[in-house]
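Two complexes come next, and they have one chain in common, chain A, joined by chain B in the first and chain C in the second.
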Partner chain A sequence: MRTLGVLLAILLIAVPPFMAEYHVYLLSLTLLWGIFALSMGLVLGFIGEINFGQAAFVAIAAYASSLLRLKLGFSFWSAAPVALALVVGLAALVGLITLRLRGPFFALVTLGFGEIVRLIITNWQDLTNGPLGLRPIAPPESLFGLRFDSKLGFYYLVFATLCVSLAALARLIRARTGRMMIAVREDEVLAGFVGIPVLRHKVIGLCFSALVAGLGGLLIGPFLTLLAPGQFDLFASVDMVVMVVVGGVGTLAGPLIGAVFLVFMPEALSFARELRPVMMGGLLIIVTIFLPGGVIGLLRHGLTRLSSAGRGRLAVLR
Partner chain B sequence: MLEVTDLQAAYGRITALRGVSLTVAQGEIVTVIGANGAGKSTLLRSICGMMRPAAGSIRLDDQSVGGLASSDMIRRGVVMVPEGRHVFADMTVAENLDLGAYYRRDRAGVRADTERVLTLFPILRERFRSAAGRMSGGQQQMLAIARALMSHPRLLLLDEPSLGLAPVIVAQLGRIISDLNRDGTTILLVEQNARMALRLAHRAYVLATGLVARSGTGQALLDDPSVHETYLGGAIA
Partner chain C sequence: MSAPLLTVENLSRHFGGVRAVNDVSFAVEAGAITGLIGPNGAGKTTTFNLISGLLPPTSGTVRLDGGMLTGLRPDRVAAQGVARTFQGIRIFPALTVAQNLRTAVLAGMRLGFWEDLLNLPAAQRAEAAATRAVTVLLCDIGLEDRADDIANSLSYAHQSLLGIGLALAVRPRLLLLDEPFAGMNPSETQQAARMVTRIRDSGITVVLVEHDMPAVMGVCDHIVVLDQGSKIADGTPAEIRSDRRVIEAYLGTDDDA
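Up next is the complex of A and B:
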């Protein structure tokens, strides 16, 4: 698994310079959605909740950083920490209120939160220019001699952000806090008996998730050169959920695989945009019923079967 | 060590405790027996911080601890083993034990305690790397107790540890509880297996419909005809 990851990373660094600009764009889009899916994967797989307001975290980071640049003359790099701090702070607040709720209530409240954020962006026209959106959003200024004003340069920025997010989450999960989070997901009541502060660990998880979503959000404005409230509707969050479920819940690679399946493939095949929500829904139902482990589960299952078959054969030979 | 005074607790409108008072002194084994629904588990849950009492006081070493969260109580040396052999089924024995000591920073102490519980429960050493959910009921109960011991408690709350276990295992459990107590852990034991509990206990309380119906030394309650009839089945032979 690890060697596979390294191999893939090398390919993702080495190949794009030789690709057509459109394909580089498509790859950037896929990785960007990979970042969003990763953030949702943390909520779904490690807190055990569904956040229908995840797109709002993305939107807040995107708008905050772009507004700081357009209205107050911040650079991309100086706006980033401010926007991220805002998102994480808001996530903590939302988490402290909503993560006390059990069962479907968290999902419902976050649904409301997402819609409220979208409506504020739509209607606060003086600040956000409403449904017409903010434009043009310039590419990030060059940093340490690296330039991001070409499709390729920007692609590498997206790639680096994904790698950083992935590394940070991998570390988090292996750290003490991550193990507590898994314990809470496994059995919330028992975690309480063991003395783990349940709410605190859920809120920490949500904050990390919002941080990753925010990192992706910083990039989406410069990537599309415009920001509009329509990009952050409920379907954006649902798409993230579908990616995680299709790829495999409770893993880090799962959401990325899901993003490849749901962004790269439909775009590459580019058919029937209007049918997308329907197809997403259908796919979600099929995967949940027939493939509860997602693509990752299928791969793992296949590998174990292969290796156990191989072992069986060896035993016979002996 | 522990002093519970006039404790009341309720689940919504349903009152579970209607004013329970009891004390546990350092080094004792105190047991609480009673029928289903008498409020035994509620009592333990209130003490360990998993449930907020509606009224009354809980004092630990003369400090009020009523309403504190379980994460605070574990730091004060109070931990509960919930009913029904609760373990993290998908985690290994090692990971389960680790979680029991999660808040501790003294690595050497944690290592020493791991060694101590593995000596106390040799079966856990054998199954150290296997998933907790794959073990038998008795082994899971041992793990649940061992996990609680990893927090190095001064006061251990046990909720029906013998429930559903084979008689041989119950006897083994009884010996382990006495051993723990001899090593200095104070124990508050809730049981439906009244005979075993009363034999182990220095003192005992009988709980009935949310009130203390009777109390005394374990032996005194064993000899009490009414206790005998209600909780031990039949008159004294």
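Up next is the complex of A and C:
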């Protein structure tokens, strides 16, 4: 699995310079959604809750950084930490209030949170220009001689962000904090009685998830050169959920595979746009019924059969 | 008689009109095994849940070594040195036996958030210490050769042992065992009873709720009997065996016949 990842990373670095601009764009879009899916994967797989307000974290980082640049003359790089701090702080606040709830109750409250954020963005027209959106959003300024104003340059920025997010989350779930989170997901009551502060670990999980969502959010404005509230509706969050479930819940690679399945493939095979929601729904039903481990579960199953060594079970800690 | 480790005072818990636990007081001596027994619906498990903080009491207090336990969050109760197991067993099902124990061991370690996240030397020391602690615990509960099995795949008796292992990982002063011998055959019960005695001999005070009368009489130093939410007797196994009210509670009075 690890060798496969390294090989894939090398390909993702080496091949794009030889690709058509449209395909580089498509690859950037896929990786960007990969970042969003990764952030949802942490909530779904390691806290064990569904967050229908995840797109709001993306929106807050996107709008905060873009507004700092457009209205106050910040550079992309100086706006980024401010926007990220804002989104993580907000996630902590939201988490402290909502993570006392579980299951459908948590999902409903986060749905409300997502809609409130979207409505504020839509209606605070003096600041956000409402539904007309913010534009034009320039590519990030060059940094250490690296330029991001070409499709390829920006692609590498997205790729680097994905790698950083992935590395951060990989470390998190191997660290004590991550294992405490997994314990809380497995059995909240027991986790409490072995001495784990339950709420604290759920909130930390949500903050990390918001950080990753925010990292992606920083990039979405420059990527599309435009920010509008419609990009961050409920369906954006639902798409992330579908990606995680299709790819495989409780893993880090799963959400990325899901993003490839749901962004790259339909576009590359030029499916009709209108069919996408239907396809998403259909895929979700098929996967939940026939492949509860997601695509990655299927891959692992295949690998175990080949090597007939490991266990077929979905591992949480490897 | 030394000062009691655990003091339960006028503890009550009402569910609507039902007085599940009604004005129960008793003391648990340090270094002993105390049994909490009674017929079905006597309020044993509710009492346990009140002591461990899973349920808030309607009134009354629970003190550990003079410090108040009532009203503390579960992880704070654990930090005070109180661990518990659960009726029907609670473990972390998808983790291996070793990972289960490691989780509980790590939970109790002092380690800064960033030290842990950045894997600084302090974190590496903690992990190494955890590895040693897990080895000892595996040996204590006799599951050495099951270390890498997924907890969910263990037999009921083994899961029950793992549940006790998780509680021991907290390094408790007071261990609350909720029906530790449930679902075990006689030889497994004997083995588990010997383990409970060993736990006491290692200096941990034990309180257990149990239905298996011979096991309770054999293993406990002191017994508290509940019936319909109230305490009806409190004494050594020999005293309890000959107590008229206890016999009535279990077998019914002549009037019932």
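By definition in this document, the second predicted complex is superposed on the first by the 308 of 318 C-alpha atoms of A that agree within 3 Å, B and C clash if a C-alpha of one lies under 4 Å from a C-alpha of the other, contacts with A are read in each partner's own complex, and residues count from 1 in each chain.
The definition used in the following text is that a residue touches a chain if its C-beta (ideal position, glycine included) is under 8 Å from a C-beta of that chain, and two chains touch if they have at least 3 such contacts.
Computed from a predicted model, the values in this text were never measured in an experiment.
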When chain B and chain C are modelled together on chain A, clash or fit: clash
Contacts of A:299 with chain B and chain C, given as first, second, both or neither: neither
Winner by number of chain A residues touched, once chain B and chain C are compared: C
Touching partner for A:192 - first (chain B), second (chain C), both, neither: both
Chain B versus chain C as contact partner of A:108, first or second or both or neither: neither
Contacts of A:175 with chain B and chain C, given as first, second, both or neither: second
Chain A positions touched by chain B in one structure and by chain C in the second: 176, 179-180, 182-183, 186-187, 189-190, 192-197
Complex interface listing, chain C residues touching chain A: 52, 54, 73-75, 77-79, 83-84, 86, 90-95, 99, 102-104, 106-109, 111, 113, 116-117, 119, 123, 126, 150, 166-167, 169-170
Interfacial residue positions of chain B with respect to chain A in the complex: 48, 50, 69-71, 73-75, 79-82, 86-91, 95, 98-100, 102-103, 147, 151
Complex contact set, residues of chain A against chain B: 176, 179-180, 182-183, 186-187, 189-190, 192-197
Chain C-touching residues of chain A, taken from the complex the two chains share: 171-172, 175-177, 179-180, 182-183, 186-187, 189-198, 311, 313-314, 316-317
